[in-house]
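Below you'll find a set of structures to go through.
You will see two complexes here that share chain A, one where it goes with chain B and one where it goes with chain C.
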Partner chain A sequence: MKFDNIIIGGGLSGLTCGIKLAEQGKKCAIVSSGQSAIHFFSGSFDLLSKVNEEEVTNPLESMKALPDTHPYKRVGLDKIERLTNDALHLLVRSGLNLTGQADRNHFTLTPMGVMKPTWLTLSDFTSFDNKDSFPWKKAVILNFSGFLDFHTLFIKDGLKKFDVQAQIKNVSMKQFEAIRKNPSEMRSTNIAKEFDKENAIDEFAQKANVLSDGFDVVILPAVFGLFNKTIADKLKEKIEKPVLLLPAIPPSVPGIRTQITLRERFQELGGTYLLGDNVEEGVFENGRLLEIRTNNHGDIKFEADQFILASGSFYSKGIVATHDKLYEPIFGLDIEGDSDREKWFDEKIFNDQAFMRYGVKTDQNFRAMMNGEPVENLYVAGSVLGGANPLKEGSGAGISLLTSLHAAEQILK
Partner chain B sequence: MNKNRSKEYDVIIIGGGATGAGTARDCAMRGLSVLLVERHDFATGATGRNHGLLHSGARYAVTDHESAAECIEENMILRKIANHCIEENNGLFLTLPEDDIAFQSQFVDACSSAGISTEIIDPKLALRMEPSANPDIIGAVKVPDGSVDPFRLTMSNALDAKLHGAEILTQHEVIDILKDQDRVNGVELFDHAKKEKVKYYGKIVCNAAGIWGHNIAKFAGVNINMFPAKGSLLIFGHRVNKMVLNRCRKPANADILVPGDTICLIGTTSERIPIEEIDNMYVSKDDVDVLIREGVKLSPSLATTRILRAYAGVRPLVAADNDPSGRSISRGIVLMDHKERDGLEGFITITGGKLMTYRLMAEEATDLICKKLDVDKKCETANIPLPGSDKSDETLNNVSQKVYSVNGITQKSAKDRHGSLAHKIAKGDENEDSMVCECEGVSIGEVKYAINELHVNNLIDLRRRTRVGMGTCQGELCACRAAGLLCESMEEAGKAKDDLANFLQERWKGMSPIAWGETINEIQFTSWIYEGIYGLKPDNN
Partner chain C sequence: MKKEIFEPYNVSDNNFEQCVKCTICTVYCPVLEVNPDYPGPKQSGPDGERMRLKDPEFYDEALKLCLNCKRCEVACPSGVKIGDIIQSARIKYSKSKPKLRDMILANTDIVGTMASTFAPIVNTAVALKPVRKVMDSVLKIDHHRMFPKYTGLRFETWYRRYAEKKQQEFDKHVSYFHGCYVNYNFPQQGKDLIKVMNAAGYGVHLLEKEKCCGVALISNGLIKQATKQAKHNVEAFKKSIVDKKMPVISTSSTCIFTIRDEYPHLLGVKNEEIRNDSELATRFLFRLIDEGKLNLVFKKNYKKRIAYHTPCHMEKLGWSIYSTSLLKMIPGVELVQLESQCCGIAGTYGFKKENYQTSQEVGKPLFNQIENSKVDFVATDCETCKWQIEMSTSSKVHHPISILAEAIDVEATMKLWQK
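== the complex of A and B ==
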């Protein structure tokens, strides 16, 4: 099988890159072995939230303080602002509804009741301009009987510091009786499937309207709209009071919907998306990657002019650790990181963990390094790249979006 | 704030390990009024940090006849009284090509003189009995080893002590021993929950604080020569072996592989540490490497089995009084009457020994306490089963079938964990069946039972009682669910958030020495969920 471009990994980076290339008329394939990080998404795309322990107000400005080895610096700060616009437009063209801007972080409320700075937020969720105040005084937190994955007490506690009076109420829905029979089924995706049906939303909204009498805002778990892309908006129309959705324990319903939306966009543009297939190895010649082989396709080889590696970090198995080494499992690319495992960790889990910065080594054009030499046509994008701790910095989605657009631009040049 | 309790107990027992809990049970069964105090939670000392090997005694047969004989006797007793805490797996002593096969006959002779039954097994047959064993073995001997769940064993003793009227305080740390001239008459405690000091009085104070007994003795103004020996262990994510596997040689590093529930454990290393370090239990890279290297010799498949956690404990070894250098360390039971030894009345120490021999230690300590109090009652702990042990109790069983959890998996797991007490796990509405921890099958009902009945103060305690967060998911999401439930019973949700952060830190301590493969992947994922999405931080709450 021959393509212009083949992308390994169908997470946020792989899809962004694929959409960009397909929009420019490239014949693309994405091969992806499994779930990606977007399945667990908070609903917010971070660009840069913290530098040197300080909360960032203007990400574009604060990027200047990052080390030169950081992916943003390596993309080039002169390009970043344009790329953030491109990223936003690409996501909006794909059908996502987002608020936020790159030169000014806004805040979202976490389920622990903490205000977190971020860049773009899905319209399901509420963005706040100010982290010290909460626009409502009396909140009702609604949960479904038997649903353990929404932490009403933590939310209530978090709201105390905003002087918000919160009350927790439970709602029973007959639609959930079937899923409640099996003790491990009462999870957000199963609830969301029931709510994808409009009559369930009607019924729930009625109950919520009764229970929210006397309150200023209704707080609910974000379990609305798995396959049905309009249901979260409908819910908000039908509930008379303002609605504040907060993440439940993953998987994330808005996250999965985002993944589906992006995948559909890629496929509508003519892209080939192979899910559940694992890229196993590649054939190289004269510093070029000629073809790759996958688990499901045996001897059928996949050829392309350029390849993009967007296989994610450790949790997606883009990088693998054993007791005595780190490696990139598909091609054996060079790794940025220490081989001595005592250097990987800090003894305090909430401290900066060195391993979070490990990834595939690249040259200045984001081409993968193999045995000290760049592979001419293999680009690297997203969280498989090293050089940043996206968790501590709050730069996860930003690095994925911007480095994959950057890789696409190199290919399109 | 300082408080004094006017009640005078017959005996105050310090330490909620197997020894302390066992002594509390024995004393309470003999009609004494008992207070048991523990600084953290049950089984947080050596009791919760060992192999869980129900020794047949074979390991000590060649080097320490007395310990071997004690082990086999207690082994048979525990099978009767603590059935629900024990797996009767049997054990194999394997001779590898690098070991001296001549040791085997010496071993078998020593076992039989200690009363331990042995059976020499042809290596081929041994491999059929235990397919996970190293295929290169040149010899195998079968012995009546088993596995014991130390958490369950300690809890059952504590529960039974309570049923016999004992009072129990966890999260109460002894900070001083109260004396009236040359007689001990109580303890001063720090209540970690309320952050206040409180005094309790008793006729006898029994020091069962394991290696920390050193400090307790100091509070009383007497000196015990303790020699802390740290041992590290690794827990593997699934059960590789059916039987306990030992090396047939003199005891050495990493030569015991013990199966238990769904996991198995390799251990242990042995290292002298200064007494100042007994609260700082880290596992070094070298420890891990030795355990893997030696473990793989017993069972090669360990090389590719996922390691869940690493941890270390300290053996409470005592040097003979006339030997301050510690060259003649006793591995046996040490019972000290400080009246005889130091002229201090009302104070005794019970230490040394093993988990295996906790009951015997309790018996000896209680005999001494009774003698001092002039109470003439026989010890019955060898005959009366612990609560939860009695599988023959049809009525309890029938009741439990009806009342606790209707769901298949949860019912079985809960019953395995709590024995016939599982019927106490109330069946409220069907919501109680909802699963908190999927890989360990823990239901809401079980979590609530533990919170209400089993002295659970935080998530780490809860993990010890129910295995929430002990399985392969290592507490990623179930911890958060359990925190939600625990939060309902706490006054302050903010405290529950701190508790969740502590729980994650505690898990990390066990994972960081072995964090590669799936473990590093999961820790990255867990951090994203809790810190990234939830915004949990140790200082946020």
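== the complex of A and C ==
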């Protein structure tokens, strides 16, 4: 089967690459062994939130302080600003509704009741300009009876810092009786599926309106709109007070909707999305990757002019660490990282963990290195790249989006 | 650096230890969405397995509500074989005995033999309202279900009488696993397959004696019989694949999925020698075209708007791309790819009275998609999806091979290789 481009990995990086290339008329396929990290998304795309332990106000400016090995530096700071715009436009064209800008972080309230700096936030959530104040004085935190994945006490405690009086109230509805019977199934995605059917929203809004009498704002878990893309907006219309949605324990409802939205965009552009299939190996000749072999397709080869590796980090098995080795499991590509295992971990788990920065080694054009030589037509994008600790510095989505666009541009040159 | 092979360490036969408890599988389970009595893939699969290994008493009969659609496996980021874990647990722990009704539904070939022998009587009888009422109340086969019609002339008989001799005229040969549906209910599909394969230059042969693949036996808990049939089929496949060097193709995605994957995973019947050469006709044809060994010529006047539905087992196999690629090659075809969703029938599952409602609710989003797609008909690779969609929507359903048979210019295609 012949494509112009084949992308390995269907998470944020793979989809961004795929959409960009398909928009330019390329015939693309994405092969993904399972669902991706977007399912755990908080609802905000981070660009850069922390450098040298300091909170970042202007990510574009603060990037200058990053080490030269960081993916942003390697893409080139001269290109970054343009790429952040391109990324935003690509997401908006795909149907996502986002607010935020690259030269000034805004804040979102975390489920711990803390203001966290970020770049782009889905319209489900509320963005704040200021981390030191909260626009409302009296908040009601509504939860569903029996729903354990929304930690209302943390939120209430966190809000005390802003001198907000918060009260927790529970809502029961017969629509949720059935899922409540099975405590392990009282999860955000199952509540969302009930709301998706549109026959619970009116009653819920009515109850919320009664319970929020005397309060300035209604705080709710983000369980609205899994497959149904309009229900979160409907909710906000029907509730009279301002609504503040906060992430519940993942999997994240807005995250899954984001994944579906991007995947649909890719398919509408003619892209082929193969889920549940594992890329097992590649056939190389003269420094080029000719074809890949997958579990489902066996002897039927998947050929392309260029390939992109967007297989994610440790979590998605794009990189694998065992007790004595660290490797890229599909092709055995070169790894950027210490061979000395002693240096991988810091025993204090909240310290900067060296292994988080490990990933596939590339040349300056983001082509994968194999046995010390670049593979001419195999590009690398997203969290499978080394050189950053996305969780520590708050750069996960930014690195995925910008390195993917950069890789796509190398291919389109 | 040398390529390392990632080999997860599992203590169990299946791989429930790989589960990282992310609950992504539960998002995509079609049953959980409509039937809260079902504990869901995570609970029934890896979580439950941990408990059951400690004490089999933890086995929950609600596991029979699983459709075995494997959509949870397709979504799982950690490669946990959730569906296999659930089905194996049913085999190992279930104490409920299959009912008479389950035996009738499961024995597709015996029932088929009897029914097609008396086809005119059976067809009229099962279509009659009073008979369906009795089936509903006594046998608990839901009265909404129309049994697929049984044919008077079985495919095998037709083949021996009218097609067998001609197959010797070809240089290249394949065997055809037709399955119960083609044999007893819809021989036309087998005839279409022969037409297409002959046009492609292949003679089509039957296996020495094929038995039902056993999918319905497995899902109805008749494991001994299923294992016996599986062993028989593997031997029959070997005679074709190993002895005669003739690959085996089929038109039923469920039969092929069962033979390739469920035989070793659920029944412990080894099939390494035959697995690679047992596949769907669409994949076989696609490979020939992809490798430049075959060109198909299509009729100029064939014009259709077609929606493709991905059956669950095709989703798991990842093979719908072969069917859709072939359909897209037909110049007059405008293909609408339906969002991949379960139709709800899951073989004999939806025939049971207690499952009827779940079955229809699972399928509803797909039926809505189809009604809104404004197509001439739906294409799909699975016969039970066909029944379900034809019963639940206003659309007719055709197999991709039958569509090719209709659209191919046989003579022109044959001329290309006859020279």
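Quick note on the criterion: the second predicted complex is superposed on the first by the 413 of 413 C-alpha atoms of A that agree within 3 Å, B and C clash if a C-alpha of one lies under 4 Å from a C-alpha of the other, contacts with A are read in each partner's own complex, and residues count from 1 in each chain.
Basically, a residue touches a chain if its C-beta (ideal position, glycine included) is under 8 Å from a C-beta of that chain, and two chains touch if they have at least 3 such contacts.
Because the structure is predicted, anything quoted here is derived from the model rather than measured.
> Have a look at where A:Asn296 lands relative to chain B and chain C in the superposition and call it first, second, both or neither.
Touch status of A:Asn296: second partner only.
> Considering only touches as defined above, state whether A:Asn209 meets chain B (first), chain C (second), both or neither.
Neither chain B nor chain C is touched by A:Asn209.
> So, A:Gln101: does it touch chain B (first), chain C (second), both, or neither?
So A:Gln101 meets neither chain B nor chain C here.
> Figure out whether A:Ser36 sits in contact with chain B (first) or chain C (second), or with both, or with neither.
second
> Answer with first, second, both or neither: which of chain B and chain C does A:Leu153 touch in the superposed model?
Touch partner of A:Leu153: chain B, not chain C.
> By the touch definition at the top of the document, which applies to A:Met356: first (chain B), second (chain C), both, or neither?
After superposition on chain A, A:Met356 lies in contact with chain B alone.
> Quick one: classify A:Ser313 as touching chain B (first), chain C (second), both or neither.
In the superposition, A:Ser313 touches chain B alone.
> Between chain B (first) and chain C (second), which, if any, makes contact with A:Lys181: first, second, both or neither?
Touch partners of A:Lys181: chain B and chain C.
> Of all the chain A residues, which ones make contact with chain B and with chain C?
Chain A residues touching both partners: 40, 181, 184, 250, 315, 317, 320.
> What residues on chain A touch chain B, complex-wise?
Touch residues, chain A against chain B: 37, 40-42, 110-112, 114, 116, 145-146, 148-149, 151-154, 156-157, 180-181, 183-184, 186, 247, 249-250, 252, 313-315, 317, 320-323, 341-342, 344-345, 347-350, 353, 355-356, 391, 396.
> In the complex of these two chains, what residues of chain B are touching chain A?
282, 285, 288-289, 292, 407, 410, 430-431, 433-436, 438, 443-444, 477, 480-481, 483-485, 487-488, 492-494, 496-497, 501, 504-505, 507-509, 512, 514-517, 520-525, 527-529, 531-538, 540-541
> Can you tell me which positions in chain A touch chain C when the two form their complex?
Residues in contact with chain C: 1-2, 33-36, 39-40, 178-179, 181-182, 184-185, 187, 189-190, 193, 226, 250-251, 256, 267, 272, 274-278, 281, 294, 296-300, 315-317, 320, 325, 327, 329, 331-335, 370-371.
> Can you list the residues on chain C that touch chain A in the complex?
For this pair, the touching residues of chain C are 1-6, 22-24, 26-27, 32-33, 36, 39-40, 42-43, 47, 73-79, 276, 283, 286-287, 290, 315-319, 321, 325, 337.
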